[in-house]
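First chain A sits with chain B, and in the next complex the same chain sits with chain C.
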Partner chain A sequence: MNAKVQTVLWVMQRASATVLGLCVLVHLATLIYAVQGGLSAAEILGRTRGNVAWFAFYSIFVFAVTLHVPIGLRAVLSEWLGWRGPSRELVLLLFGVFLAYGGMRAVMAVFL
Partner chain B sequence: MRNFALIHRLSGIALALFLPVHFWALGQALEGEAKLESFLRWSEQPLVKASEWAIVLLLAAHLTGGVRILMIEFLPWRDWQKTLAAVATAAALAIGLLFVLSSTAHAQSWPQKPVKFIVPFPPGGGTDISARLIGQKLQEIWGQTVVIENRGGAGGGVGATEAAHATPDGYTLFFPSGSVVTANQYIYAKLGYDPERDFVPVTNVVSGPQVLTVPANSPYKSMKDLIESGRANPGKLYFGHAGIGSQTHLAGENFVYQAKLDAIAVPYKGEGPGLAALVGGETHFFVGNLSASIGHIKGGRLRALGVTSKTEAPQLPGVPPIANFVPGFENAGWFGIVAPRGTPKEIIQKVYLDTKKALQDPVMKEKFFAQGLAPVGNSPEEMARAMKEESEIWKNVVKARNIHVK
Partner chain C sequence: MSATLRVRVWRGAAQGGFQAFEVPRHASQTVLDVVTYIQRSLDPTLAYRFACRVGMCGSCAMTVNGAPRWTCRTHVDNVARNDALEIAPLRNLPVIRDLVTDMREFFDKWARAKGQFQGKLTRKDEFSVVSPASPKRKQADAGIECIGCAVCYSACDVVKWNPDYLGPAALNRAWTLVNDERDTAREGRLQAVAGDAGCHSCHTHMSCTERCPKHLSPTAAIAGLKRETFFAFSK
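Moving on, here comes the complex of A and B:
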């Protein structure tokens, strides 16, 4: 893999990490609000359904996870298992797609 | 540096394995209110809680390493400063998440001893019957005794005052009929409690219509007889009720007002004593809750002349709606749970969810149906809204009928 791709992956890894750091803080604040407020399932869904801001935030969260996790695993697979080449990229790509699907499925379930 | 990178990498692998499971479980749970409700209940199990703690620690460890790596690469800080910043970030995150997890500890550990329901009326009335029925089921769910304490008097005011001043630890809950928390504040000049200030809604347990009854040997064979006699003889009809401001009082006053009668209200210490007095012929009629009256009706001691719902009640076939004789007339009673203000929110949420669960039990539904009551089980927020709306209605009725106690 050429140096340009490596650089892009490096930047994406750092950028997604920064986004995730912020997302975790917001997610944490949301959890505290929901738990402390003693919200019921109906009340939680009442707040999330049709809320575009909420949908946008969690979509960004899922997108950042989808980038960050496969890139991180890619380094682990190469350095610790010596796994390189197209098969590794394919497995990581599929893993990323799976994460994106699972994450967005959860987001859509509470938005729609 | 090497240690931080290793921690970051190992925790990252663990989190990467956990994420698909997490997303899958969330996707399943968030598909609907019922599934989310059962997911929230499932997530309270000790094993699930333990795994949540493990994830918190993994997340904190991953962020520690991550922050350290980012600082080395982007910030010209000294080594010890970077380490300190990374550890502080992780510590803040871990404390925050642990706070979230531990905040549910109240609900998980509660109840550890018997829970008391203060019922503001003597035994035998609709409030008492409802409290005992739901208390029995909650006892099974909680594994702790639910004690029903009857504190009658002052239209529910005696029990309400005691409940309002109880320690808000979840072990004393208040089980009123609607009017005690939606009408009494407009009736009594001196009230030992303020429904809005002293209580927080938990859930409306059941609601149902009321029934107007007369003694079995009464000359009034129908609603028409009663209304005609009442109009022909103003001030000669007496109706009993469970106490000034009680649900049965307001129902009676509402009927008298809308039927354009001039009848005299006679307060008793509760619905049970009021109905017993009616059986004994002390009063002419009583607009009582189906739950308290149905036994007397089926037992042949009282005759039902009309129900307060717009249609016939399935428990009393052949008894017409009062609305057939007094157009537009409708009245309903409800019984619910409120908690002294200051009761932990997690406990309020648990009582609400467990009550809702108890009400879904077919046996419970059948028992309430036999009493002429339908399960409600609304959320604390929904109950608060409904109470506010009902409060406005009673405010107007009390003013129109000039019902005041100094």
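Moving on, here comes the complex of A and C:
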């Protein structure tokens, strides 16, 4: 693996971890705050539908997951299973696409 | 302290088993004293390696009760559990016989990490003047006392998972040279330490730093290499 690519992957992993840390905090804090008085699914949807700010927030969340998970999984696959080479990269790329698709599908479901 | 020590010693190579010995116990006895007693008085076929006996040469490292240590500087009193010791060869290195490991790969990785100094001055030039107070000199000083005993390499889980991983000692050496302002091979060295088997594979477990008998911090050196590669490659 090219040294530059490896360095870029490392930086993306660190940067996405920082974003994820903040996103998880905001997500949990909102969750705990919002359910204090009891909240129905309809009420949640009422707040998220058409709300561009929440759409942007969760889109960033999904993007960070899409970067972070495959890079971490890449090390796990090589260290635990000894799996390296193009086949691993292809599977990770497909897994990243799956995460982005699944994540954005969930975001769209509460936005539209 | 009981009069005897029960010692289990690894015999064989990759395949083998532990052999039990009873060794008389003395005050201030080191683990190397125990191994030497076994070889000289109980079983002359035991193979082990040592040279200086005073923590300078880095050749007597073994796995003592599960942890890599210099045997010459490890007192039995500090590591024996229930008057028993288990002595095995260093982990992560091929075993030649009994307690002797093949250290070629360990040192080849220093070369792969471009651990050789490359300067540009000749004998006709004046000496370089490096200020002892400069930040780079201090960074180099922090890692320069490594004697290549492979204790850190044996303690490293990443080496176990990825046999190509350069390991803490080679990366620590590279970091001292990256901070050597006389050195001219910086770019190539950063390329060499940033590959799939390089500094970015470190998980920051800090086992190397925990075990280093010289109290160096290869973890800090590796973190420094991660930063430097980022700055070098983002230009």
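Quick note on the criterion: the second predicted complex is superposed on the first by the 112 of 112 C-alpha atoms of A that agree within 3 Å, B and C clash if a C-alpha of one lies under 4 Å from a C-alpha of the other, contacts with A are read in each partner's own complex, and residues count from 1 in each chain.
The definition used in the following text is that a residue touches a chain if its C-beta (ideal position, glycine included) is under 8 Å from a C-beta of that chain, and two chains touch if they have at least 3 such contacts.
This one's a predicted model, so the numbers in the text were calculated from it and none came from an experiment.
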First (chain B), second (chain C), both or neither touched by A:105: first
Partner chain in contact with A:73 - chain B first, chain C second, else both or neither: first
First, second, both or neither for A:52, with chain B first and chain C second: neither
First, second, both or neither for A:6, with chain B first and chain C second: second
Which superposed partner A:81 touches (first chain B, second chain C, both, neither): neither
Where chain A meets both chain C and chain B, residue numbers: 75
Interfacial residue positions of chain C with respect to chain A in the complex: 158, 161-162, 190-192, 194-196, 198, 200-201, 226, 229-230, 233
Chain C partner contacts - residues on chain A that touch it in the complex: 1-4, 6-11, 75, 78-80, 84
Parts of chain A lying in touch with chain B, wherever the complex brings them together: 14, 17-18, 21, 24-25, 28, 31-32, 35-45, 65, 69, 72-73, 75-76, 98-99, 102-103, 105-106, 109-110
Footprint of chain A on chain B - complex, ascending: 9, 12-13, 15-16, 19-20, 23-24, 26-27, 30-31, 33-34, 36-37, 39-40, 59, 63, 66-67, 70, 73, 93, 96-97, 99-100, 103-104, 345-346, 348-349, 352-353, 379-381
